[in-house]
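Next up, some structures in structure tokens.
Shared chain: subunit A. Partners: subunit B in the first complex, subunit C in the second.
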Partner chain A sequence: MSNQIEEQSVRVADICDQMSGLEGPLLPILHEVQEEFGHIPDGAIQTISKKLNLSRAEVHGVASFYHDFREEKAGKHVIKICRAEACQAMGADQLGEQVRRHLKVDWSQTTTDRKVTLEPVFCLGLCACAPAAMVDGKVVGRVSPDRMNRLLEEVRS
Partner chain B sequence: MSIKVYIPLDSGSVALGADDVAAAIAKKAETNGADVKIVRNGSFGMYWLEPMVEVETPDGRLAYGPVAVEDVDDLFVSDFLSGGDHKLSLGKTQDISFLKNQSRLTFQRCGIIDPLSLEDYRAHDGLAGLEKALKMSDADIVKAVTDSGLRGRGGAGFPTGIKWNTVRQAPGDQKYIVCNADEGDSGTFADRMVMEGDPFVLIEGMIIAGLATGATKGYVYTRSEYPVAIDVMSEAIEVARAAGLLGDNVLGSGKAFDMEVRMGAGAYVCGEETSLLNSMEGKRGVVRAKPPLPALEGFMGRPTVVNNVISLCSVPVILEKGSDYYRDFGMGRSRGTIPIQIAGNVKHGGLYEIGFGLTLGEIVEQIGGGTATGRPIKAVQVGGPLGAYFPKELFDTPFDYEEFTKQNGLIGHAGVVVFDDTVDMMKQARFAMEFCAIESCGKCTPCRIGSIRGTEVVDKLERGEDPELQIELLTDLCQTMKFGSLCALGGFTPYPVMSALNHFPDDFKPRALDIAAE
Partner chain C sequence: MSLIKEVDYGTPAAKSEKTVTLNIDGKDITVPEGTSVMRASMEAGIKVPKLCATDMVDAFGSCRLCLVEVEGRNGTPASCTTPAADGMVVHTQTDRLKKIRKGVMELYISDHPLDCLTCAANGDCELEDMAGAVGLRDVRYGYDGGNHVKVRQNGEENPRYMAKDETNPYFTYDPSKCIVCSRCVRACEEVQGTFALTIEGRGFESRVSPGMHEDFLDSECVSCGACVQACPTGTLQEKSVIEIGQPEHSVVTTCAYCGVGCSFKAEMRGEELVRMVPYKDGKANRGHSCVKGRFAYGYANHTDRILNPMIRESVDDPWQEVSWEEALRFTADKFKGIQAKYGKGALGGITSSRCTNEETFLVQKLIRAGFGNNNVDTCARVCHSPTGYGLKTTFGTSAGTQDFDSVEHTDVVILIGANPTDGHPVFASRLKKRLRDGAKLIVIDPRRIDLVRSPHIEAVAHIPLRPGTNVAVLTSLAHVIVTEGLFDEAFVRERCDWDEFQDWATFVSDPKHSPEAIALITGVDPEIMRKAAREFATGGNGAIYYGLGVTEHSQGSTTVMAIANLAMATGNIGRPGVGVNPLRGQNNVQGACDMGSFPHELPGYRHIQDSATRDIFEEMWGVKLDDEPGLRIPNMLDAAVEGTFKGIYIQGEDILQSDPDTKHVAAGISAMECVVVHDLFLNETANYAHVFLPGSTFLEKDGTFTNAERRINRVRKVMTPLNGFADWEVTQNLARAMGLDWNYTHPSQVMAEIAATTPGFANVTYDLLERDGSVQWPCNDKAPKGTPVMHMDGFVRGKGKFVVTEYVATDERTGPRFPLLLTTGRILSQYNVGAQTRRTENTTWHPEDLLEIHPHDAEQRGVREGDWIRLVSRSGETSLRATITDRVAPGVVYTTFHHPETQANVITTDFSDWATNCPEYKVTAVQVASSNGPSDWQVEYDRQAEHSRRIKPRVDAAE
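Coming up: the complex of A and B.
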């Protein structure tokens, strides 16, 4: 276990070094750390704060401010459903309800088998093909209840 | 010679299956031994026709759409590669009336060119504005932009030339151009479309801004929700660097300008310029009090231009064709063209660039073709989640900054979201407060606390607890938020709330009473 933590902190330190030439490197570093580990591990915050000469509170404050950064790993699949107005006008609320019922989770939760995380998103810029969703980074437009059922079957299988 | 087939890489088209259609066409062409070159272009912004496939023929580009994977075999049977007739035929792309009736200046190339081909960009008048700017003094470039009447397209409508002049005159060894591409407003996608479909125009606009102000470094701050835009923009920057358009010696002029893309992390408030700057500096995206203006103390405390994508993308054509040409479009103090984004429950959703001045009714009923569901329109929200809801009675309002202000609304980033008669306006008012609560940066009390109280008051109203008092409270709360908030998030949330309340009072009657009455 301690080996793993050590490896992790070496990797995080590497990322910090790679990004150190950027003006305002903290967000790019956090994105890269999340890309690598699937979330922002506690230990990473300590390493980053040392590398950037910031307090742990400052780094934690930034990581927790932004919706994108996770404290815990997401499920194997991530479904994001747009909850903003243009999608509401085309039935996004009902779509969200359908998915929450099907997965038995609320917004920002992961199914008990850790397979699927459901997240709200406020606008994917697909407002002329509403309602919109993003499944594992892939955008889907005009998501009908049937289409959503097929997408749910795919991620649960 | 191979036949060129255009299939958009635009996120909207991809969301409707463009990648699968492109793969199916490539596969079928290979089977048939047809020599086809697939170009992934930007979208023309007619989303009810996406994925729209175009074929280059001796008569011009012919369009087919919306194409599903299941249609591909049939298209080949109809010999669409030679422009054969098919039930999905739309005729010549340029003759489609939605497109033909626009005045495309900012979006003149979007959809037409290969987004990552600098040759294509040049062949369609790209870089003509920059080449002119390179021969002008900084003051003359600023004057051209000021004279064009261009105002900030992000929503605030501040004259772009005046902002540039402040930065030009500000002392500083390092100045910055920051492009605000944090397009978070629901109903808007113009920034995304242009970054995906014509990224070089943004690069050109930013270089010109750099020449005008003495800034040598640019940043495009965009959203993590826009992965395709980030990829296309980043690749275009590489291409531009390799071609000597960016770097120490822009097009051999001896002037330096370089830029990079920065990705946000899902905070709506970072579309506000000062919180955007904090975010770029690696801080919490908290709003800064003004003054100091970002023009004087912006990114890293240095003089910084913060402009919206569309503002910057409008600059090349202004330099190329002159201030008068641009200023002659529009009405009143709203000069030039505006890419209106028609979205939500609408038949013909998409992007429509035109001079200011169309009425809201013309936009949603004639151009948009009414609702997608076929039901009557009840409300139209203009300007994103902080914009007012307009009832049919106000459909004669012309699309113009000042005219919308007069009606207690705003045009914002020009997103227009249509709702049919099934919408519950009290629910929309509650959502506006809820959204503000979720996205508030927490710096000022009216926004942070007011939005939470706002949702509670609407909930009480819905339950029928002393409705008159709740409406009075809600109105008072909106006044406090409007005048007491630091930025537009808390300050403008009252627009959707109060417009819903004032224009649709019937929806605010307590639900409990309805039940009792039945």
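Coming up: the complex of A and C.
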């Protein structure tokens, strides 16, 4: 376990060294760390703060501001459903209800088999095609209950 | 007396010399350009409602309460972030603004508990004040929705609720009361410079978080309390206020810890101290404080404090509590007997750098005029005596050249042998602020201290020299500056002795002083040396700050002079932003030196053999003074061992713990017939004492302290002395018992005597201090307002003197038996020998002294983290626990000396500075080995201490 943590901190330090020359390097580094580990481990925050000469409070403040930086790894697939006004008007609440029942999870939770994480999102910029969702980074518009069922089957398979 | 309420202008003062005039609510007001509309309003006497703004931090513009309307502009800008402009017409109260403010307040209160009557902040809550100011009458939203206030919501746990964090011993964090104004976060960043706090999450989830959602105690927080002071609600609250309630009056006084000399408001309820709040008008601290000054005053009422005088015939007897009369009579009889039997010179005394100027003056007067000799010394002997000698020789004055504000004008700082974030935290915060604004820092220190690199600051060069090689390093920096032609010739020709400069320049230019040549001695990379020298010589205003890592060496005085040389050669003397700045360790060590505490000097650093000076005092005191310098502390101890020195009066110093080579000190004082200790606690020295006179704290007396910038600050009595008398009264009563006719009724009369006899203090009076708050000496007809920066138009001694500084290695060397070098220092939460801070909650952070050792050295010896180790030197041995860190270089170990159990000074040797006898604490050759626990000496010492501290209570005559 401690070996794993050590490897992790070496890798995070590498990422910092590669990117610390950028203007405003903190966000790109956090993105890269999340890309690498699937989340932002506590240990990574310590390493990043030392490397960038920031306090760990500051790095924690930035990382916790953005919902997309995760404290824990997500499931294999991530479904985001827009819950903002336009999508609500076009049935996003019912869509959310359908998915929660199907996956037996609440918002911001992952299925017990770690396959799917369900997350709310507030506007994907697809109001004209409401209700909208995002599956593994790809946006999907006009998500009818049927279409959602097909998407769910795909991610559960 | 009432509670001092300082005006909060909302945003910091602008520094521009250009002014603008604007009209606010019909009033014309002229302010410096860059002033916010909020501050301009306040200066015009118009309060704009506000929550997230306070003048200790920059404007933020988040609370939306301070909105105003500006004619000709759209919308309602925040007055805190809107700069005042010429011709602007501002309205702070319109129907539109009133409506918006009420709406904003209503939202704030909808997520804030309504327990105001039982809230600790009641009476000191800005949220409450603003609710009143905007006329909030109703909160329409209720608490049924999401909130941070209720523990349980609709029968279920409320996930947003966070419990109180009470881990810090001095304050609590109650997230349910937080309005997320981020004043605490900004105070931690901008004022303290630690960046321990953040706002985590966003929107309604935003919370104040220490570290990464940690407890305050586990986070990076250093407990300076700036966040508590900044908090407008009861979210961050002193535990003392929670326990006692709101204060009803306050008195401005001066902190009794380090040499920064912070001004505080002691906020009182009757005679009970509720809290200490740093005073904004305090010119040393500008409204900031550290954990010691703000919080660590609990020792004043600690049960260990001795409140009754005690005597005993032999140190093997238990103490006998007696009346003041009896104790003083006993002392006077003993002292007189000693002088009759062994001669006038068999007595002496030690003044205290912890006591006031007036008290110190009286102790040296008692010795010179009462004992009839000059056997007076002070704890500055063991810290900054080389500063006095070195700066007097080169500049002509035994003191630092600047005020603390000077750091705001500095461009490049050399910090040598000082660790301000631990030893002088408030100065460190001011330095860090300047560094974040672009000044450069060069650190010369064997250890990687925090200032080398910590959030948002980084030294351009760290010179990790081998302990004991300061002179070699400084001479080598001068070598680079002279040989590369970077010195300020115009300055040197005008201000300094040119011939002496040339001699010195020839000396330093010798290739044997080049960074490359000395690298073998110092262990420093020559490139770093050259870089540092160039930065300092060419970087603009250069200032040198130094501490005991400079003075506590066998070449301490030489190092001080090398520093002075460097400052003169680069033209960095005589204006704001430059200078030579000793960071004084104790609250009044500058004052104790000024007040004639040294055996060869009368007050004002005038030699005892100068008959004109003696005449002044002989006339004033009506006695003949001895014209021979007396004994220094180490000489007194030597004489005691030889049997010619028999009695001593020690005010407020624990020489057994603080002086080097503990065994030698113990041998000296146990050879005396009458040792009188005048202190708050039964300190380690008291184990060998025959008389104990209880002392008073800084809260219990009037007087003055002089800080590191020569600033004379008032100390004001806020409570009756628990022991019955202020220390100056005790000394006076002892003098009377010895037959002297002293009749001071207030310390101001002592100050009048100081002013009448000492030219640098000629115009200092309590009236002046009352009027101006403080004054920096010299203060006389030539400088009636005091002297913030010295040597402005030429050096006090005439021409600045360059002194050739040849490096001579200390006799204390490593070898096969003692291969490591031990250096000592201190830590933020503890102070000096710890007599006070160990009796406060500050022990939470530092319960014991630890030995810092490099991983390489630890591995070689099989030492693991937390192991007990044996630390052995030529002088002695002790045991403590080890901590493994690469802050120290291989071959160097480091410890603190805050705890008597550690007995770090059993290890240190009796080598000392060639000029002043200042002990060489910073270099001791040692060996480290595994151990099972305390050494025999420690066990025996504990037994002896326990035996010696037995007290028999006073028997009343009636019984």
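By definition in this document, the second predicted complex is superposed on the first by the 157 of 157 C-alpha atoms of A that agree within 3 Å, B and C clash if a C-alpha of one lies under 4 Å from a C-alpha of the other, contacts with A are read in each partner's own complex, and residues count from 1 in each chain.
Keep this in mind: contacts are C-beta pairs under 8 Å (C-beta built on N, C-alpha and C of every residue); 3 or more make two chains touch, one makes a residue touch a chain.
Since this is a predicted model, take the numbers as computed values, not measurements.
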| item | value |
| --- | --- |
| Subunit B versus subunit C as contact partner of A:Ala128, first or second or both or neither | first |
| Partner chain in contact with A:Glu36 - subunit B first, subunit C second, else both or neither | neither |
| Which of subunit B and subunit C A:Gly137 touches, first, second, both or neither | first |
| Partner chain(s) touched by A:Ala84 [first = subunit B, second = subunit C, both, neither] | first |
| Partner chain(s) touched by A:Leu27 [first = subunit B, second = subunit C, both, neither] | first |
| Which partner reaches more residues of subunit A (counting touched residues only), subunit B or subunit C | B |
| Touched partner set for A:Phe65, first subunit B, second subunit C, both or neither | both |
| On subunit A, positions contacted by subunit B and by subunit C | 61, 65 |
| Residues of subunit A touching subunit B in the complex | 23-28, 30-31, 52, 61-62, 65-69, 82, 84-90, 121-130, 132, 134, 137, 139-142 |
| Residues on subunit B engaged by subunit A in the complex (per definition of touch) | 11-12, 14-16, 45, 47-48, 50, 183-189, 191-192, 224-227, 262-268, 279-286, 299-300, 341-346, 349-351, 372, 381, 385, 415, 417-420, 423, 428, 431, 435, 438-439, 441 |
| Touching residues (chain side subunit C, partner subunit A) in the complex | 194-202, 209-213, 219-220, 453-458 |
| In the complex, subunit A residues that touch subunit C | 42, 45, 49, 53-61, 64-65 |
